[in-house]
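Please find the structures below.
Two complexes are shown next, each including chain A; its partner changes from chain B in the first to chain C in the second.
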Partner chain A sequence: MNNDKRFAMALIIPAAIIIAAVVVYPFVYNLVLSFSNMSLLHIRDWQIIGPRQYEKVFTEPRFYGILWKTLLWTVVNVTFHVTIGMALALVLYEKVPGKKLFRTLLILPWAIPPVVTALTWRGMFHYEYGAVNLILAKVLHQTPIQWLNDPVGTFAACIMTNVWLGFPFMMIVALGGLQSIPHDLYEAATMDGANAWQRFKTVTLPMLKPVMTPAIVLGFVWTFNKVDIVWLVSNGGEPADSTHILVSYVYRAAFNLYRYGYAAAFSVIIFLILMAFSLVFMRMQREKATPA
Partner chain B sequence: MRFVMRFLILLLILAFTGCRRDDGIVRLQLWNQMLPEDRALLESLVKSYEAIHQNVRVEVIYKETEDLRSSFQTASLAGLGPDLIFGPSDQIGPFATMGFVRSLEDLIDAKRMSELDSVALVSFRGHIYQIADRVGNHLTFVWNTKLLSHAPENTDEMIEMGREATKDLNGDGKVDQWGIVWNFTEPYFFIPWLSGFGGWVFDANGKPTLNTPAAANAFKFVKSLRDQYKIIPPDCDYNMADVLFKEGRAAMLVNGPWSWTGYERGGVPFELARIPRISATGLWPAPMVSPMGYSISANSKGKRLPEAVRLLEYLISDSVQKRFVSEIGVIPSSRVLRADTALLSRPHMANSLAQLEVGKPMPIEPELRAVWDAMRPAYQSVLGGTMSPENAAVRMQKDAENKIREMNE
Partner chain C sequence: MLKKLILFIVLLAVTVGTIYPVLTVITVSLRPGDRLLSTSLAIIPDGATFENYIALFRDKPFARWMFNSTLVALAVTIFATALASTAGYAFSRFRFPGHRAGMTLLLVTQMFPATMLLLPLFLMLAKLQLINSYLGLIAVYSATALPFTIWQMKGYYDTIPRELEEAALMDGAGYWRVFYSIILPLAAPALVITALFSFLTAWSEYIVAAQVLLTENLFTLPLGLKQFQSSMTTEWGLYSAGSIIVSIPVIALFLYLSKWLVSGLTLGSVKG
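And now, the complex of A and B:
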């Protein structure tokens, strides 16, 4: 090994040790626990019991309902994040008066701690005194909605809160991507007679794809695992434990009912779902980008 | 190159050994979930302790109740965590079952323990795992003295007074001032009504007893307050109840001692009383009474253990308890202080003690978590109008049994 390689190794080893300690070890430990009976009564004397915890997860009818809800939660959120984020980025990319002010204001939801945002929105969804119902009743003359007493209403409230929180990230990513698109391409398209929609479809979208694809994958993974918003807006899955997504359900199993083995198996399944999605999505994007 | 390698190795060694200092000072950690006023007093008392015990440094760390519980579990599993932990007694069952806390009967002076109220010695399966410096932490009836002339004696009177107090003040067709409020989302706040109708969460053998006529009747009663008498809001969580009472828009409230300082500071004219007797049964509602105190972690070892014991003895001493009584207004666990009528003459203390007399100790079995988890959805479904009280009682019992079975697998 020459000196350069040794030097490179010396720089990598500390990071590798830390990654092994905080990522690899917990992951392997969780994997082992998922095959164990670790629970309240077997916290120290736990044993490997094979795939029984996985069987429990897959034979529990509730799992499929919560999985479906989690997918819905993720797809709806990411769709809104990307759509709103890109739309705002396109507006901010143009020469609009007060552009800097708007950009700052639009990044604000991202800058506020999610706990504060979630609790503020929970207050805003209150049936009698919340701003949302007051606007519905007094401005739009509509019947107020029982947001937080109804499973659909609460789930919608969680989604709205998370959309508010999530679009600034996509907006920033899209803005960065827009700035890297050469202006010549737009000029050429204009000379070819392309209208605004055609320029967007044939220049902006394809050029944004390399930037937006990893952001969408990240957004999907983050949203799928976004326990804080669901937990705080729905106050731990209310009403009647009907607003859980997979991660909030796992949290309850592990920390309320001390079912560590079961919760570990559940989290491995979540990991596999997310890994499968990421691999398939990235491959699809690569195949689309590579001409046959 | 060799220099760089040596430098990196030195850095790594320093990074992994720098946290262990052997300067003769014993460093303890105390985790707590106290309210800000209590916490400030605790910190000043700990500073006084450090001034006397120069070889001890105590790091006081605050965590919110649920975070305290889950962080302590995680840290204990990793062989880490605090030396002392302060919290409510209901966390002792799980902690003791999992072996995260030490039994205290052989560590703490027996004479000192005999000087405390017996409920302050929180035991589980024959061993003491927590020693409380305060008892109570119970729900009490709070009423606004500007809106009501006296506290209702029974629920019939409470309903009558509630109807008079429920008002649309600005004539917009919406109620602006409510008769009575409390946190409808947490079953802990349902317990007084459940017990007032003769129910409780466990039988003498620790089995859940949720499918009872008492549970169904208590559900019907709460539902009637909202749908029939319309004296409670359609939907109310803890913050909403708190804000409505603080703003003088609720005549009556059910809340615990942690909230009173806020009402005093907010200038709300209020008094405490027992939660009114249930007219249908003649029983006093019995809120759960929970001591709060200190436990020693199983991971407190070596030189730290005797110092943790010494600190615990200081924190439950009469001198420390006296400060908490006089400055915060807690109900002390010390029998000597409880006999001190002058000390307990603080505003609201007598009425809080009156409520305490009819309360019931909060169970400390780990299965209580499963009971709360089973009660919450049923209670919310009844109030949401999606389940009848009778079906909710059946479902609570079934869910509690299932969850307990899952917990104990």
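And now, the complex of A and C:
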């Protein structure tokens, strides 16, 4: 083996061993579990029972409702993250007084630990003492809303919390993208008589696209699988297990209901849904890149 | 001029809305015990006191939780940064058997739902009797952190021109020397971001910790905070004061390092 091969191996092997132990092996184990009947009742005497757990997932009527809700959750969140983040980035890119301070304060939601965010917002949605209802009543003179006792209210509360938490990431990514746009492009567009909106459409957006696209794809995948906010804001799916996205539902099946085989199969299904989405998306990108 | 003023006002309004939740936590943390549940919207409450902060350390094992969180977060940070900085370099500079498969695998893990690794790891830890131990928690956190950090480092190394190493190698420097004395310093922004993310995730993670750590003495901070809220009556004062203490080091780190965020975050390279 020549020198640089040996060096490359020395660099890669520690990480490879760890990943084999904590990623690859558990992944295979999860696959095996998904074809088994393991549960609290069968924790030691579990056996392979074939694809029955997968059948259970697909024949469970609630699965489709939760799947739909997860898509709604993901699309609404990512849409708000990207629009708010890009709008703020555009404003911060202008010469506004105090923009450094604004930028710093606007990153705060990203910096705060998500567990604090979730529990704090849960408190803010409290019917009687929560800030949201107090503002509704005292400032806007509206009737307070029963946020956390109602499936729709709780889901809305989860989304608002996650929108607040997630826009700074998109803002920072967009700011980075804006900084890489050469100024002469804007000057050329202005010379050609483009107004602000036309400049945004013909210069800013196309130049931001290569930076924003991977961020949006990652944002989509991360939001789809984001368990902590839904779990903590709804206190484990309350009221009556009506507030779940796919991954929080599996978390509950695995760790509160001890349906291990079922949860393992459910995880695989979520994973396949996301894989399918990514493959379709990548194909679309490639087709766009090579016009016929 | 008018445009600037409008932009300023918009920015001010959004910023106030953004930091408002933070302000409410500060407010509640300063309220005296008999006025925790209040419908007042004042920022500095009447009779403001640090009683809640003192109570955390006097009546609750908060100091212990801080120690636990620090220990776990530091271990994960050192571990993930060391492995990611080396493996990422190999992926960036060398072609070896399994290179493509490895990169694909790392990307695919980003689509795993949390339970996909958590459930089998949990059962494995139970078998190895590592439930309720730091080691178990560190193992699970590393499983989540490593794939992304390796991608992240690889993407950054890709932006460093190869000519730098080639020149140094020509001058007779060894691979290791070139790596740690030329490349690593240049990759500082990515190293900082990688370390920051590993630390942040481990410091504030709840979902995994809630399954792996069972006794109050071993709790990390997020579990402690949740405990204040899950008892029959929420201890708002303790919760808020605790939240502030949990958040301060993270926010300080984050803001201090935020100038690196734009350059160190190499999302553009995810397309590989």
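One rule holds for everything that comes next: the second predicted complex is superposed on the first by the 286 of 292 C-alpha atoms of A that agree within 3 Å, B and C clash if a C-alpha of one lies under 4 Å from a C-alpha of the other, contacts with A are read in each partner's own complex, and residues count from 1 in each chain.
Just so it is clear, contacts are C-beta pairs under 8 Å (C-beta built on N, C-alpha and C of every residue); 3 or more make two chains touch, one makes a residue touch a chain.
For clarity, every value in this text was computed on a predicted model and none was experimentally measured.
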Check your understanding: Clash or fit: how do chain B and chain C relate after the overlay on chain A?
Key -> clash
Review point. Taking the superposition as given, does A:Ile48 touch the first partner, chain B, the second, chain C, both, or neither?
Key: neither
Exercise for review: Once the structures are superposed on A, label A:Leu40 by its partner contacts, choosing first (chain B), second (chain C), both or neither.
Suggested key: first
Review point. In the superposed arrangement, does A:Met284 touch chain B (first), chain C (second), both or neither?
Key: neither
Exercise for review: Scan A:Val227 for contacts with chain B and chain C and give back first, second, both or neither.
Suggested key: second
Review point. With the two structures laid over each other on chain A, which partner does A:Pro14 touch: chain B (first), chain C (second), both, or neither?
Key: both
Point to revise | chain B versus chain C as contact partner of A:Tyr129, first or second or both or neither | key: both
Practice item. Mind working out whether A:Asn3 is in touch with chain B, chain C, both or neither, as first, second, both or neither? Key: both
Practice item. Using the superposition on chain A described above, determine whether A:Phe255 touches chain B (first), chain C (second), both, or neither. Key: both
Point to revise | Chain touching more of chain A, residue-wise (chain B, chain C) | key: C
Check your understanding: Which holds for A:Tyr29: it touches chain B only (first), chain C only (second), both, or neither?
Key -> second
Point to revise | Single chain C stretch clashing with chain B - from 9-17, 45-53, 117-125 or 189-197 | key: 117-125
Exercise for review: Please write out, lowest number first, the residues of chain A touched by both chain B and chain C across the two complexes.
Suggested key: 3, 7, 14, 123, 128-129, 235, 255
Point to revise | Sites on chain A touched by chain B in the complex | key: 3, 6-7, 10, 13-14, 17, 37, 39-41, 43-44, 123, 126-129, 146, 148-150, 235-236, 238-242, 252, 255-259, 262
Point to revise | Parts of chain A lying in touch with chain C, wherever the complex brings them together | key: 3-5, 7-9, 11-12, 14-16, 18-19, 21-27, 29-30, 33, 88, 91-92, 94-99, 102-117, 119-124, 128-129, 131, 134-135, 138, 164, 172-173, 175-176, 179, 210-211, 214-215, 217-218, 221-222, 225, 227-228, 231-232, 235, 246-247, 250-251, 254-255, 260, 263-264, 266-268, 270-271, 274-275, 278
Check your understanding: What residues of chain B sit close enough to touch chain A in their complex?
Key -> 1, 4-5, 8, 11-12, 66, 69-70, 73, 77, 94, 97-99, 174, 185, 233-235, 237, 239-240, 366, 369-370, 373, 376-378, 380-381, 383-384, 386, 403, 406-409
Revision key, fill the gap. Within the complex, chain A is touched by chain C residues 4, 7-8, 10-12, 14-15, 18-22, 24-25, 28, 37-39, 41, 83-84, 86-87, 89-91, 93-94, 96, 102, 105-106, 108-124, 139-140, 142-143, 146-147, 150, 175-176, 200, 203-207, 210-211, 222, 225-226, 229-230, 234, 236, 239, 243, 246-247, 250-251, 254-255, 258, 261-263, 265, 267-268, 270-271
